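Some notes on the structure that comes next.
By written order: A, B and C. Residues from 1 in each chain.
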Amino acid sequence: MKKIACLLFATLLLLSSRAWAQNKPFSPSEFHGATADKKSYKVVYQLNSDDDKTIKATLKNIMNALEDPRLKGKLKAELVVHGGGVAVFKKTNPYESQLKALQAKGVILAECENTLRERNISKDELFDFISFVPSGNGEIIIRQQQGWAVVHP
Amino acid sequence: MKKIACLLFATLLLLSSRAWAQNKPFSPSEFHGATADKKSYKVVYQLNSDDDKTIKATLKNIMNALEDPRLKGKLKAELVVHGGGVAVFKKTNPYESQLKALQAKGVILAECENTLRERNISKDELFDFISFVPSGNGEIIIRQQQGWAVVHP
Amino acid sequence: MKKIACLLFATLLLLSSRAWAQNKPFSPSEFHGATADKKSYKVVYQLNSDDDKTIKATLKNIMNALEDPRLKGKLKAELVVHGGGVAVFKKTNPYESQLKALQAKGVILAECENTLRERNISKDELFDFISFVPSGNGEIIIRQQQGWAVVHP
(Lines give C-alpha, C1' and ligand atoms only; values in the text may rest on other atoms or scores of the structure.)
Protein backbone atom coordinates (compact mmCIF):
# COMPACT_ATOMS: atom_id res chain seq x y z
CA MET A 1 0.00 0.00 0.00
CA LYS A 2 2.73 2.46 0.99
CA LYS A 3 4.75 1.32 -2.02
CA ILE A 4 1.95 2.23 -4.40
CA ALA A 5 1.41 5.60 -2.75
CA CYS A 6 5.16 6.16 -3.10
CA LEU A 7 5.24 5.24 -6.77
CA LEU A 8 2.19 7.39 -7.45
CA PHE A 9 3.75 10.32 -5.62
CA ALA A 10 6.98 9.90 -7.62
CA THR A 11 5.04 9.90 -10.90
CA LEU A 12 3.17 13.07 -10.01
CA LEU A 13 6.39 14.70 -8.79
CA LEU A 14 8.06 13.85 -12.08
CA LEU A 15 5.22 15.29 -14.12
CA SER A 16 4.97 18.47 -12.05
CA SER A 17 8.74 19.07 -11.85
CA ARG A 18 8.77 18.91 -15.62
CA ALA A 19 6.05 21.55 -15.79
CA TRP A 20 7.86 23.65 -13.22
CA ALA A 21 11.16 23.53 -15.09
CA GLN A 22 9.44 25.03 -18.12
CA ASN A 23 8.17 28.01 -16.12
CA LYS A 24 11.32 28.92 -14.17
CA PRO A 25 11.80 32.71 -14.10
CA PHE A 26 14.84 34.30 -15.72
CA SER A 27 17.35 36.15 -13.57
CA PRO A 28 18.69 39.23 -15.37
CA SER A 29 22.27 38.89 -14.09
CA GLU A 30 22.86 35.29 -15.30
CA PHE A 31 23.26 33.33 -18.51
CA HIS A 32 19.85 33.74 -20.18
CA GLY A 33 20.17 30.95 -22.73
CA ALA A 34 18.68 27.50 -22.54
CA THR A 35 20.22 24.68 -20.50
CA ALA A 36 20.18 21.21 -22.07
CA ASP A 37 19.03 18.81 -19.38
CA LYS A 38 17.56 16.10 -21.59
CA LYS A 39 19.45 12.98 -22.66
CA SER A 40 18.60 13.29 -26.34
CA TYR A 41 17.39 15.92 -28.77
CA LYS A 42 15.86 15.66 -32.23
CA VAL A 43 15.54 18.22 -34.99
CA VAL A 44 14.27 18.43 -38.55
CA TYR A 45 15.92 20.98 -40.85
CA GLN A 46 13.77 22.20 -43.75
CA LEU A 47 15.49 23.17 -47.02
CA ASN A 48 13.30 24.36 -49.91
CA SER A 49 15.55 26.84 -51.69
CA ASP A 50 18.02 26.37 -54.56
CA ASP A 51 19.96 29.47 -53.52
CA ASP A 52 23.61 28.47 -52.97
CA LYS A 53 23.97 30.82 -49.98
CA THR A 54 20.88 29.36 -48.28
CA ILE A 55 22.00 25.78 -48.97
CA LYS A 56 25.46 26.39 -47.53
CA ALA A 57 24.00 28.21 -44.50
CA THR A 58 21.61 25.31 -43.86
CA LEU A 59 24.37 22.67 -43.98
CA LYS A 60 26.60 24.81 -41.74
CA ASN A 61 23.72 25.43 -39.32
CA ILE A 62 23.15 21.71 -38.87
CA MET A 63 26.86 21.19 -38.15
CA ASN A 64 26.83 24.08 -35.66
CA ALA A 65 23.88 22.55 -33.84
CA LEU A 66 25.61 19.13 -33.70
CA GLU A 67 28.76 20.84 -32.32
CA ASP A 68 26.95 23.07 -29.79
CA PRO A 69 28.57 22.09 -26.45
CA ARG A 70 25.08 21.73 -24.96
CA LEU A 71 23.99 19.23 -27.64
CA LYS A 72 27.21 17.43 -28.64
CA GLY A 73 26.62 13.68 -28.87
CA LYS A 74 22.96 14.11 -27.91
CA LEU A 75 21.38 15.44 -31.11
CA LYS A 76 19.66 13.42 -33.87
CA ALA A 77 19.08 15.52 -37.01
CA GLU A 78 17.25 15.07 -40.31
CA LEU A 79 17.52 17.28 -43.37
CA VAL A 80 14.19 17.34 -45.23
CA VAL A 81 14.50 18.68 -48.77
CA HIS A 82 11.59 19.76 -50.99
CA GLY A 83 10.86 22.24 -53.77
CA GLY A 84 13.91 24.04 -55.09
CA GLY A 85 16.00 22.57 -52.26
CA VAL A 86 16.48 19.41 -54.37
CA ALA A 87 19.52 21.22 -55.79
CA VAL A 88 21.50 20.13 -52.72
CA PHE A 89 21.16 16.45 -53.71
CA LYS A 90 22.01 16.78 -57.43
CA LYS A 91 25.15 14.91 -58.50
CA THR A 92 26.13 17.90 -60.64
CA ASN A 93 26.22 20.20 -57.60
CA PRO A 94 29.16 20.58 -55.19
CA TYR A 95 27.62 19.58 -51.83
CA GLU A 96 28.65 15.89 -51.68
CA SER A 97 31.45 16.19 -49.10
CA GLN A 98 29.40 18.39 -46.76
CA LEU A 99 26.44 15.99 -47.01
CA LYS A 100 28.66 12.98 -46.30
CA ALA A 101 30.18 14.73 -43.28
CA LEU A 102 26.68 15.27 -41.91
CA GLN A 103 25.62 11.69 -42.70
CA ALA A 104 28.71 10.44 -40.85
CA LYS A 105 27.29 12.21 -37.79
CA GLY A 106 23.99 10.35 -38.16
CA VAL A 107 22.04 13.00 -40.06
CA ILE A 108 19.19 11.55 -42.18
CA LEU A 109 19.13 13.02 -45.70
CA ALA A 110 15.55 12.90 -47.02
CA GLU A 111 14.27 14.01 -50.43
CA CYS A 112 10.57 14.69 -51.16
CA GLU A 113 9.23 12.35 -53.88
CA ASN A 114 6.44 14.80 -54.77
CA THR A 115 9.10 17.28 -55.85
CA LEU A 116 10.74 14.70 -58.13
CA ARG A 117 7.38 13.97 -59.82
CA GLU A 118 6.43 17.65 -60.20
CA ARG A 119 9.84 18.60 -61.61
CA ASN A 120 10.45 15.44 -63.67
CA ILE A 121 13.66 14.65 -61.84
CA SER A 122 14.91 11.05 -61.86
CA LYS A 123 16.42 9.48 -58.75
CA ASP A 124 19.50 8.72 -60.88
CA GLU A 125 20.27 12.42 -61.00
CA LEU A 126 20.65 12.49 -57.23
CA PHE A 127 23.40 11.20 -54.91
CA ASP A 128 22.88 7.49 -54.23
CA PHE A 129 23.39 7.77 -50.47
CA ILE A 130 20.22 9.78 -49.75
CA SER A 131 16.77 8.48 -48.79
CA PHE A 132 13.25 9.42 -49.91
CA VAL A 133 9.95 10.36 -48.27
CA PRO A 134 6.47 10.56 -49.90
CA SER A 135 6.23 14.30 -49.20
CA GLY A 136 8.66 16.66 -47.51
CA ASN A 137 5.80 18.57 -45.90
CA GLY A 138 4.27 15.40 -44.49
CA GLU A 139 7.67 14.40 -43.11
CA ILE A 140 8.13 17.73 -41.31
CA ILE A 141 4.63 17.54 -39.82
CA ILE A 142 4.90 13.93 -38.63
CA ARG A 143 8.34 14.50 -37.09
CA GLN A 144 7.14 17.56 -35.18
CA GLN A 145 4.10 15.70 -33.88
CA GLN A 146 6.51 12.97 -32.72
CA GLY A 147 8.33 15.58 -30.65
CA TRP A 148 11.10 16.74 -32.98
CA ALA A 149 12.07 20.41 -33.12
CA VAL A 150 12.07 22.15 -36.51
CA VAL A 151 14.46 24.74 -37.94
CA HIS A 152 14.04 26.52 -41.28
CA PRO A 153 17.20 28.55 -41.90
CA MET B 1 -5.14 -3.42 -4.48
CA LYS B 2 -3.85 -5.49 -7.40
CA LYS B 3 -6.11 -3.56 -9.74
CA ILE B 4 -4.53 -0.29 -8.69
CA ALA B 5 -1.03 -1.67 -9.08
CA CYS B 6 -2.04 -2.88 -12.53
CA LEU B 7 -3.45 0.48 -13.58
CA LEU B 8 -0.41 2.26 -12.23
CA PHE B 9 1.91 -0.09 -14.07
CA ALA B 10 -0.06 0.44 -17.31
CA THR B 11 0.22 4.21 -16.92
CA LEU B 12 3.96 4.07 -16.39
CA LEU B 13 4.33 1.64 -19.29
CA LEU B 14 2.38 3.99 -21.55
CA LEU B 15 4.54 6.96 -20.57
CA SER B 16 7.81 5.10 -20.96
CA SER B 17 6.89 3.38 -24.23
CA ARG B 18 6.12 6.83 -25.60
CA ALA B 19 9.57 8.01 -24.58
CA TRP B 20 11.15 4.90 -26.02
CA ALA B 21 9.40 5.28 -29.37
CA GLN B 22 10.94 8.71 -29.73
CA ASN B 23 14.46 7.39 -29.21
CA LYS B 24 14.37 4.33 -31.48
CA PRO B 25 17.60 4.07 -33.48
CA PHE B 26 17.58 4.33 -37.27
CA SER B 27 18.67 1.37 -39.34
CA PRO B 28 20.70 2.46 -42.38
CA SER B 29 19.25 -0.14 -44.75
CA GLU B 30 15.56 0.73 -44.22
CA PHE B 31 13.10 3.52 -44.96
CA HIS B 32 14.47 6.39 -42.88
CA GLY B 33 11.41 8.64 -42.98
CA ALA B 34 8.81 9.07 -40.30
CA THR B 35 5.95 6.64 -39.74
CA ALA B 36 2.55 8.12 -38.95
CA ASP B 37 1.18 6.14 -36.02
CA LYS B 38 -1.12 8.76 -34.54
CA LYS B 39 -4.84 9.01 -35.32
CA SER B 40 -4.81 12.73 -36.08
CA TYR B 41 -2.30 15.42 -37.00
CA LYS B 42 -2.53 19.19 -36.89
CA VAL B 43 -0.45 21.83 -38.64
CA VAL B 44 -0.33 25.60 -38.98
CA TYR B 45 1.06 27.04 -42.22
CA GLN B 46 2.52 30.54 -41.97
CA LEU B 47 2.29 32.85 -45.01
CA ASN B 48 3.75 36.36 -44.71
CA SER B 49 4.96 37.06 -48.24
CA ASP B 50 3.20 38.73 -51.19
CA ASP B 51 5.49 36.96 -53.67
CA ASP B 52 3.35 35.00 -56.14
CA LYS B 53 5.81 32.10 -56.25
CA THR B 54 5.86 31.79 -52.44
CA ILE B 55 2.05 32.01 -52.23
CA LYS B 56 1.58 29.29 -54.86
CA ALA B 57 4.22 27.08 -53.22
CA THR B 58 2.53 27.47 -49.83
CA LEU B 59 -0.92 26.51 -51.16
CA LYS B 60 0.58 23.54 -53.03
CA ASN B 61 2.56 22.47 -49.96
CA ILE B 62 -0.61 22.33 -47.86
CA MET B 63 -2.32 20.20 -50.52
CA ASN B 64 0.73 17.89 -50.70
CA ALA B 65 0.66 17.40 -46.94
CA LEU B 66 -3.09 16.62 -47.01
CA GLU B 67 -2.45 14.09 -49.80
CA ASP B 68 0.63 12.46 -48.22
CA PRO B 69 -0.36 8.76 -47.96
CA ARG B 70 0.80 8.80 -44.34
CA LEU B 71 -1.50 11.71 -43.43
CA LYS B 72 -4.47 11.36 -45.80
CA GLY B 73 -7.74 11.83 -43.92
CA LYS B 74 -5.87 12.42 -40.65
CA LEU B 75 -4.54 15.98 -41.03
CA LYS B 76 -6.20 19.19 -39.82
CA ALA B 77 -4.54 22.28 -41.32
CA GLU B 78 -4.77 26.05 -40.83
CA LEU B 79 -3.31 28.73 -43.06
CA VAL B 80 -2.32 31.76 -40.97
CA VAL B 81 -1.73 34.86 -43.06
CA HIS B 82 -0.03 38.06 -41.86
CA GLY B 83 2.10 40.90 -43.25
CA GLY B 84 2.47 40.85 -47.03
CA GLY B 85 0.78 37.44 -47.15
CA VAL B 86 -2.61 39.21 -47.09
CA ALA B 87 -2.26 39.28 -50.90
CA VAL B 88 -3.52 35.68 -51.01
CA PHE B 89 -6.93 36.76 -49.63
CA LYS B 90 -7.50 39.82 -51.85
CA LYS B 91 -10.54 39.56 -54.16
CA THR B 92 -8.48 41.12 -56.95
CA ASN B 93 -5.92 38.28 -56.82
CA PRO B 94 -6.29 34.88 -58.55
CA TYR B 95 -6.13 32.43 -55.62
CA GLU B 96 -9.87 31.92 -54.98
CA SER B 97 -10.23 28.43 -56.48
CA GLN B 98 -7.12 27.08 -54.76
CA LEU B 99 -8.27 28.51 -51.41
CA LYS B 100 -11.75 27.00 -51.84
CA ALA B 101 -10.24 23.61 -52.68
CA LEU B 102 -8.26 23.75 -49.44
CA GLN B 103 -11.29 24.92 -47.43
CA ALA B 104 -13.28 22.00 -48.85
CA LYS B 105 -10.67 19.77 -47.23
CA GLY B 106 -11.24 21.41 -43.85
CA VAL B 107 -8.39 23.92 -43.97
CA ILE B 108 -8.99 27.01 -41.77
CA LEU B 109 -8.15 30.25 -43.60
CA ALA B 110 -7.17 32.91 -41.05
CA GLU B 111 -6.19 36.53 -41.65
CA CYS B 112 -4.33 38.66 -39.08
CA GLU B 113 -6.42 41.72 -38.04
CA ASN B 114 -3.28 43.64 -37.00
CA THR B 115 -2.13 43.53 -40.60
CA LEU B 116 -5.44 44.99 -41.81
CA ARG B 117 -5.15 47.91 -39.33
CA GLU B 118 -1.48 48.58 -40.12
CA ARG B 119 -2.05 48.51 -43.89
CA ASN B 120 -5.48 50.19 -43.92
CA ILE B 121 -7.10 47.22 -45.64
CA SER B 122 -10.88 46.78 -45.27
CA LYS B 123 -12.38 43.32 -44.79
CA ASP B 124 -14.54 44.07 -47.86
CA GLU B 125 -11.42 43.84 -50.01
CA LEU B 126 -10.92 40.22 -48.95
CA PHE B 127 -12.76 37.00 -49.90
CA ASP B 128 -15.88 36.63 -47.76
CA PHE B 129 -15.24 32.97 -46.91
CA ILE B 130 -12.14 33.56 -44.75
CA SER B 131 -11.93 34.07 -40.97
CA PHE B 132 -9.97 36.49 -38.80
CA VAL B 133 -7.65 36.30 -35.79
CA PRO B 134 -6.46 39.19 -33.55
CA SER B 135 -2.83 38.60 -34.55
CA GLY B 136 -1.28 36.07 -36.89
CA ASN B 137 1.76 35.72 -34.63
CA GLY B 138 -0.40 35.06 -31.57
CA GLU B 139 -2.35 32.45 -33.54
CA ILE B 140 0.82 30.59 -34.57
CA ILE B 141 2.14 30.63 -30.99
CA ILE B 142 -1.10 29.45 -29.35
CA ARG B 143 -1.59 26.66 -31.91
CA GLN B 144 1.96 25.37 -31.38
CA GLN B 145 1.54 25.41 -27.62
CA GLN B 146 -1.67 23.40 -28.13
CA GLY B 147 0.39 20.76 -29.92
CA TRP B 148 0.10 21.77 -33.58
CA ALA B 149 3.11 21.48 -35.89
CA VAL B 150 4.18 24.58 -37.83
CA VAL B 151 5.49 24.91 -41.39
CA HIS B 152 6.78 28.12 -42.96
CA PRO B 153 7.41 27.41 -46.66
CA MET C 1 -7.12 2.91 -0.65
CA LYS C 2 -9.94 5.04 -2.03
CA LYS C 3 -7.67 8.09 -1.85
CA ILE C 4 -5.10 6.43 -4.10
CA ALA C 5 -7.74 5.31 -6.58
CA CYS C 6 -9.04 8.86 -6.58
CA LEU C 7 -5.62 10.39 -7.21
CA LEU C 8 -4.92 7.86 -9.94
CA PHE C 9 -8.25 8.57 -11.59
CA ALA C 10 -7.58 12.32 -11.44
CA THR C 11 -4.17 11.83 -13.10
CA LEU C 12 -5.61 9.76 -15.91
CA LEU C 13 -8.49 12.23 -16.35
CA LEU C 14 -6.00 15.09 -16.59
CA LEU C 15 -3.93 13.27 -19.22
CA SER C 16 -6.93 12.21 -21.28
CA SER C 17 -8.72 15.60 -21.11
CA ARG C 18 -5.53 17.15 -22.43
CA ALA C 19 -5.57 14.74 -25.36
CA TRP C 20 -9.24 15.39 -25.95
CA ALA C 21 -8.82 19.17 -25.97
CA GLN C 22 -6.32 18.83 -28.79
CA ASN C 23 -8.74 16.89 -30.97
CA LYS C 24 -11.88 19.01 -30.56
CA PRO C 25 -13.68 19.44 -33.91
CA PHE C 26 -14.12 22.90 -35.46
CA SER C 27 -17.56 24.32 -35.98
CA PRO C 28 -17.81 26.16 -39.32
CA SER C 29 -20.11 28.94 -38.07
CA GLU C 30 -17.93 30.12 -35.16
CA PHE C 31 -14.63 31.91 -34.52
CA HIS C 32 -12.09 29.51 -36.05
CA GLY C 33 -8.97 30.89 -34.38
CA ALA C 34 -7.21 29.46 -31.36
CA THR C 35 -8.37 30.12 -27.79
CA ALA C 36 -5.64 30.75 -25.22
CA ASP C 37 -6.53 28.64 -22.19
CA LYS C 38 -3.06 28.16 -20.74
CA LYS C 39 -1.60 30.35 -18.00
CA SER C 40 1.68 31.00 -19.75
CA TYR C 41 3.13 30.82 -23.26
CA LYS C 42 6.70 30.77 -24.51
CA VAL C 43 8.11 31.54 -27.93
CA VAL C 44 11.49 31.77 -29.65
CA TYR C 45 11.80 34.16 -32.59
CA GLN C 46 14.54 33.32 -35.10
CA LEU C 47 16.28 36.18 -36.95
CA ASN C 48 19.02 35.29 -39.44
CA SER C 49 18.72 38.03 -42.04
CA ASP C 50 20.42 41.43 -42.30
CA ASP C 51 17.60 42.79 -44.47
CA ASP C 52 16.22 45.93 -42.80
CA LYS C 53 12.63 45.08 -43.79
CA THR C 54 12.91 41.58 -42.29
CA ILE C 55 14.53 42.91 -39.09
CA LYS C 56 11.80 45.52 -38.59
CA ALA C 57 9.06 42.99 -39.35
CA THR C 58 10.54 40.55 -36.83
CA LEU C 59 10.70 43.16 -34.04
CA LYS C 60 7.15 44.31 -34.82
CA ASN C 61 5.91 40.70 -34.94
CA ILE C 62 7.23 40.04 -31.43
CA MET C 63 5.49 43.18 -30.14
CA ASN C 64 2.25 42.15 -31.89
CA ALA C 65 2.39 38.72 -30.24
CA LEU C 66 3.01 40.30 -26.80
CA GLU C 67 0.03 42.63 -27.37
CA ASP C 68 -2.34 39.96 -28.75
CA PRO C 69 -5.35 40.16 -26.39
CA ARG C 70 -5.21 36.38 -26.02
CA LEU C 71 -1.54 36.44 -24.88
CA LYS C 72 -1.15 39.80 -23.11
CA GLY C 73 0.76 39.38 -19.84
CA LYS C 74 1.11 35.63 -20.43
CA LEU C 75 3.84 35.41 -23.09
CA LYS C 76 7.59 34.93 -22.50
CA ALA C 77 9.61 35.61 -25.68
CA GLU C 78 13.23 35.22 -26.77
CA LEU C 79 14.83 36.67 -29.88
CA VAL C 80 17.57 34.32 -31.14
CA VAL C 81 19.89 35.99 -33.62
CA HIS C 82 22.39 34.17 -35.87
CA GLY C 83 24.01 34.58 -39.29
CA GLY C 84 23.28 37.89 -40.98
CA GLY C 85 20.75 38.70 -38.27
CA VAL C 86 23.61 39.99 -36.08
CA ALA C 87 22.97 43.34 -37.80
CA VAL C 88 20.10 43.97 -35.38
CA PHE C 89 22.53 44.08 -32.42
CA LYS C 90 25.23 46.32 -33.97
CA LYS C 91 25.74 49.64 -32.18
CA THR C 92 26.00 51.35 -35.54
CA ASN C 93 22.48 50.23 -36.54
CA PRO C 94 19.25 51.98 -35.54
CA TYR C 95 17.38 49.25 -33.63
CA GLU C 96 18.34 50.19 -30.02
CA SER C 97 15.05 51.73 -28.93
CA GLN C 98 12.92 48.91 -30.38
CA LEU C 99 15.16 46.29 -28.72
CA LYS C 100 14.97 48.10 -25.35
CA ALA C 101 11.18 48.31 -25.62
CA LEU C 102 11.08 44.53 -26.13
CA GLN C 103 13.55 43.89 -23.31
CA ALA C 104 11.38 46.03 -21.00
CA LYS C 105 8.62 43.51 -21.71
CA GLY C 106 10.85 40.63 -20.63
CA VAL C 107 12.11 39.56 -24.06
CA ILE C 108 15.50 37.78 -23.95
CA LEU C 109 17.91 39.10 -26.59
CA ALA C 110 20.38 36.31 -27.52
CA GLU C 111 23.26 36.46 -30.00
CA CYS C 112 24.93 33.34 -31.44
CA GLU C 113 28.64 33.19 -30.49
CA ASN C 114 29.44 30.97 -33.50
CA THR C 115 28.37 33.81 -35.78
CA LEU C 116 30.74 36.23 -34.01
CA ARG C 117 33.67 33.82 -34.47
CA GLU C 118 32.86 33.06 -38.12
CA ARG C 119 32.44 36.74 -39.02
CA ASN C 120 35.21 38.14 -36.78
CA ILE C 121 32.81 40.37 -34.90
CA SER C 122 33.83 41.56 -31.41
CA LYS C 123 31.25 41.74 -28.62
CA ASP C 124 32.27 45.42 -28.22
CA GLU C 125 30.61 46.14 -31.56
CA LEU C 126 27.25 45.01 -30.17
CA PHE C 127 24.83 46.64 -27.71
CA ASP C 128 25.93 45.93 -24.13
CA PHE C 129 22.47 44.92 -22.93
CA ILE C 130 22.22 41.71 -24.97
CA SER C 131 23.18 38.18 -23.95
CA PHE C 132 25.01 35.36 -25.75
CA VAL C 133 24.45 31.66 -26.50
CA PRO C 134 27.02 29.11 -27.82
CA SER C 135 25.01 28.59 -31.02
CA GLY C 136 21.76 30.13 -32.19
CA ASN C 137 20.67 26.85 -33.77
CA GLY C 138 21.31 24.92 -30.57
CA GLU C 139 19.33 27.52 -28.62
CA ILE C 140 16.31 27.21 -30.95
CA ILE C 141 16.40 23.41 -30.74
CA ILE C 142 16.73 23.22 -26.94
CA ARG C 143 13.97 25.77 -26.39
CA GLN C 144 11.57 23.88 -28.67
CA GLN C 145 12.33 20.60 -26.92
CA GLN C 146 11.56 22.38 -23.63
CA GLY C 147 8.13 23.22 -25.00
CA TRP C 148 8.62 26.69 -26.50
CA ALA C 149 6.92 27.61 -29.77
CA VAL C 150 9.09 28.93 -32.62
CA VAL C 151 8.38 31.65 -35.18
CA HIS C 152 10.62 32.56 -38.12
CA PRO C 153 9.20 35.71 -39.73
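What we mean here is this: contacts are C-beta pairs under 8 Å (C-beta built on N, C-alpha and C of every residue); 3 or more make two chains touch, one makes a residue touch a chain.
A quick note: this is a predicted structure, and the numbers were derived from the prediction, not measured.
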For the copies chain A and chain C, give the interface type as same if over half of its residue numbers appear on both sides, and as different if under half do.
different
To lay chain A over its twin chain B by CA atoms, how big a turn is needed, in degrees to the nearest 5?
120
Cα-centroid distance, chain A relative to chain C, in whole angstrom:
18
For chain C, what residues touch not just one other chain but two or more?
1, 4, 8, 11, 42, 147, 150, 152
Complex contact set, residues of chain A against chain C
1, 4-5, 8, 11-12, 15, 21-23, 26, 31-36, 38, 41-43, 57, 61-62, 64-65, 67-71, 75, 147, 149-153
In the complex, chain B residues that touch chain C
1, 4, 7-8, 11, 40, 42, 46, 48, 76, 78, 82-83, 106, 108, 110, 114, 131-147, 150, 152
